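Heads up, there are several structures right after this.
Both complexes below contain subunit A, partnered by subunit B and then by subunit C.
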Partner chain A sequence: MTLTRLALASLKSRWLTVGLTIFAVAMSVALYLGVEKLRTGARDSFTDTISGTDLIVGARSGSVQLLLYSVFRIGNATNNITWDSYRDIANRPEVSWAVPMSLGDSHRQFRVMGTTEAYFDRYKYRGDRSLEFAGGDRMNDLFDAVVGADVAAQLGYSVGDPIVVAHGLASFSEHADTPFRISGILAKTGTPVDRTVIVSLTAIEAIHVDWKSGAQKPGAPTSVDVIRSMNLQPKAITAIMLGAESRLKIFSLQRAINEYPQEPLLAVLPGVALQELWSIVGIAEVALIGVSAMVVVTALLGMAAMLLASLNARRREMAILRAIGAGPMTVVGLLLIEALLMAAVGAALGVGFLYLGLIVAQPILDARFGLFVPISGLSGREAATLIAVVCAAAAVSLLPAIRAYRISLADGMMVKM
Partner chain B sequence: MKLAPIACLLLPLVPVAGVAEGTRTLEAHEHGSGTLNIAFEGNTIAMEIEAPGADIVGFEHAATTDEDRKSIEDAVSELARPMELFVLSADAGCSVVSASVEVHGDEEEEHHDDEHEHDAKDEHGDEDHNDHAEHEGEGIEHSEFHAEYELTCSDPAAVDKIEFAYFERFPNALELDVQIVSAKGAQAHEVERDEPVLDLRGMF
Partner chain C sequence: MASENTAPCAIAVRDVRFDWPGGQFGLDVPTFDVLQNESVLLLGQSGSGKSTLLSLICGILAPSQGVIQVAGTDIGALGRASRDRFRADHIGIIFQMFNLLPYATALDNILVPLRFSKARRARMQSPRQEALALTKALGLPETLVTGVQASTLSVGQQQRVAVARAMIGNPKVVIADEPTSALDSDAQGEFLELVFRQVQDAEAALLMVSHDERLADRFDRVIRLDQIASLRRAGGA
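The block that comes next holds the complex of A and B.
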């Protein structure tokens, strides 16, 4: 008890250096915990990109590739799915709902997706959230388009604006003869939907009426009125989102699709494919954790250096302690208690900084990056980290502690002027 | 991967009846590795397991001797008792509603080419070598065990882990790729012989 009081008093007398050391520990702990929270938040946001869909179906390729092009709109499908196969699958008794998706066109740097109205009802993210409109409404005309939040923000669109969809992904040939009108703008979701232009499946057919093998047919373009009167049944789509009647049927449905004899198709469980993808992307996690752990170690080493450096200034203090009969363990103990106190206060402050930072940053992260970091209590892992920091502080302060004892012994023996 | 040497990959299996001319598909077939699918819905748990014959009985040729036939029969009856292979927490109060086991075997007859055979041999570990060598003239065979179960549980949320006694019973099985779907979504896990337990906390 006396020792703790002594330690406190000694720390207080050196409040500036001690304060800075505690601040360094606090910042490093806050950084480490912040990275940990961001990391789990990023992973959860990532796995929450799509939910409520039991299976995603595409041409037979890899599950990660299928997920990338169908959900993240990255890369391209190896093949399309014929409309007949889509009908076959959608009509299976195990299937409760099916949403076709047709990808491959673009608007500026954003992908255009053709789908049915059911997409707005069936696409769920972050648990059970549905797409919401920030303005306007779903497509109700052939040439209506709904744009994601990022599309609207970056290109400065508002409801009612005309847009032109380009053929292919990076082509100069624009479907200028069939302009679209923005019927609705979606609210920010933090998912790839933000960067997507959504049109109806028939609209995708409509813009390709005059396009054969990648080039516009010579002659006058088919007039919009003629296009409207045409049968715009798509012949192929890119991917299908499926919901099963019952979870118990998912696996047999998956197998049936994977073994579908008429066309090589692949059905994946989105959760499983996301997990597979994260195991590739997630390596960055390890790097982040490594860096922030190094920061904590640096702060602790700094504390040890500070203790060590202060020993010189505290020669007299130590000598007096020794003179009044403090044993070696007492001196070592005093230094250890000082280190533990600093680390504990630093850790506690760090947690304070973390939550302060989270409260400030949470809405910004969510709105800007679609990264939702929940403000939750410390996980067992995080609490264990804090305890480890305090223990590590004790360990690194052993060196100055032992040195303090040695010096105090030598100082005590020396006759000084 | 430590499994690479004994993996016997991508060998032909099951030409689908009726589409023999148009479609040729090969399913992946990896010795030592099976798949287990588990779906939770209400009080029902549906499971299905698919494992190569090499894992279950140690051979994949058609049963020719009484001994072979007996080991297949034994394996089938063991596979029909899922609760003993995949031990669920007792608190969940699960019981088997139905269990069915099938053995799919097939012999690649027509579309067999030499290149294929070499690939198969190269990828093979020594222990399987003889086994296949004696069939070289007649084509490579593969068999798969496929079992489906339906369980009902009084409290499925109490299933916090599954212990895989499966690996004790079938010493040739090395791993199972497990896919689980519950109300929380889908997850995949790899359960290996070294650590035959699957933690299911967080699935409910």
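The block that comes next holds the complex of A and C.
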């Protein structure tokens, strides 16, 4: 009969309180690990929003602002880039490829982005994943549009449906005279692309033929046939995605763009800007992990309270152990073993709950929020957390253990009630 | 190790003085012996210091002065941990009631002392077999011993399990603190019979504490606690 067996039998005899305590520890551990997984998942999803692009170029503003409007389609550009500057930069020898983007129009609550076909080849996310079509294909015609997965899902669009693009954002003045047709629907990516309507750069020009300073010119609208025959070379764009010829050239290219004499421009490294942005968003993450850590601490304190409360009822037990030759330290050891057993079982059960929760929640999170939480093994950090939980359990049980030591020293083998 | 066979006394108490922490009370025991193989009944009311005397003999408490020898070893000279080990090795203890860990089986209860005593374990071939032999001799059916938690046994059955636990590994000193007071008078006689048989088989000394004088005629010797010990109060003599 080892001490551990004794502890197990004792725990088993108090299965209800012990079970609840273990359950509380398990739930808190699952919560903590879940938050940890979500956090890393969110951070990875976030930093994986754009990859494979070396520089993002826009009118001079802040790097976070540029990232927000060019990648996350949040907010607006303060200024445009002239087409000439775009040509200039795109033709530099260090530049391998350049994708222009023109933002500013909307369709319902979704942003419309004018770009070239190269966007579908160059835009990468989550490592090197490319955009894929759930149905249809890229734009073939001037008035073709490709919509993201969320756009199609929320507005109930399918390939071939007509859509109308509004000028400006949240505007009532719709370009009803130039209706678009949906040529393709993109598969879900979990990036802002899901919430974007993509048209060609020339199409952006086309819908603005009859518009000036945000208002439609008086008189009959230009007919679609006339528009098709016009030169629709854009005069300005909003942002550029750049690929460099070699990684070594990125910084000199960035400096060259930032010092571009004809126009105040800003080139940012997407990874750096994303981290900068995350450092702002990440404060919530710290708060979240802090709260879940407190939940773990609370569960462990509950366990200590339970052990403490049980001591009085167990004085006879301790006296019996003393009578048959156990030292007070053995009584303390027994209590610590019980605490460690409960914490270890709780932690293991918590890991079980975590993976059960992940299996259930993963497809929902991915589909609803574009948040991909990989079901991977425990990271070193997470394993260390579990060990810390068990150690913390030992630490908080020192209080009941010390009390048990005192009681068993005072009582000896006769309980003085 | 203790030289158990050279000393004539199983228990020898000489000039022991004990002070409770705080200095309010004290106990003096000038001389008290229990010989090997002897059975002694110590008569005393509660509050007469018998718990203290038993705790001193068992090594739970250490005397402020004097010598306590148990099975030839001066336990007052041992450290606290050594006294605990000595108790595990050499003394079997039976209480009035609540002898057993309620959540363990009777068999596990009987075997627990072996966890604390290498010496007892070394004195036997197969602990489990000997525990079952003991309980059979004490009239306990095996299903009750191995199959159920000790808390489901009757008081009489629990007391017999306590005897088996005290006797496992043949200690030379057995101490019983009012072991019969929770039993009715018929059961008392039968229970004492069992205890005496076991103690004699093991050639152990038996020190039983009780307030019941009717048990006296079964013992080799009967001593009143106030004959050997005196309680002291602070400010008194």
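By our rule, the second predicted complex is superposed on the first by the 405 of 417 C-alpha atoms of A that agree within 3 Å, B and C clash if a C-alpha of one lies under 4 Å from a C-alpha of the other, contacts with A are read in each partner's own complex, and residues count from 1 in each chain.
By our rule, a contact is a pair of C-beta atoms (placed from the backbone, for glycine too) under 8 Å apart; a residue touches a chain by one contact, two chains touch by 3 or more.
The model shown is predicted, which means the values in this text are computed figures rather than measured ones.
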### Which of subunit B and subunit C A:S51 touches, first, second, both or neither
first
#### Entry: Residue contacts on subunit A - larger count, subunit B or subunit C
C
### Which of subunit B and subunit C A:G327 touches, first, second, both or neither
second
### Touching partner for A:G135 - first (subunit B), second (subunit C), both, neither
neither
### Task
For A:G357, decide between first (touching subunit B), second (touching subunit C), both and neither.
neither
### Message
So in the superposed three-chain picture, is A:I250 touching just subunit B, just subunit C, both, or none of them (first/second/both/neither)?
### Response
first
### Query
Who does A:R316 touch here: subunit B (first), subunit C (second), both, or neither?
second
### Message
According to the stated criteria, A:L269 is in contact with first (subunit B), second (subunit C), both, or neither; which is it?
### Response
first
### Task
With the two complexes superposed on chain A, say which partner A:E259 touches: subunit B (first), subunit C (second), both, or neither.
first
### Task
Could you pull out which subunit A residues touch subunit B in their complex?
47, 51, 54, 246-248, 250-252, 259, 261-262, 264, 269-272, 275-276
### Query
Along subunit B, where are the residues that touch subunit A in the complex?
16, 18-19, 23, 25, 37, 39-41, 44, 46, 48, 150, 179, 181-183, 185-188
## Note on the structure
Seen from subunit A, its contact residues with subunit C in the complex are 1-3, 5-6, 9-10, 12-13, 316-317, 320-327, 329-330, 412-415
### Task
Please give the residue numbers of subunit C that touch subunit A in the complex, ascending.
51, 54-55, 58, 60-61, 80-81, 84-85, 87-89, 93, 95, 98-104, 108, 111-117, 149, 165, 177
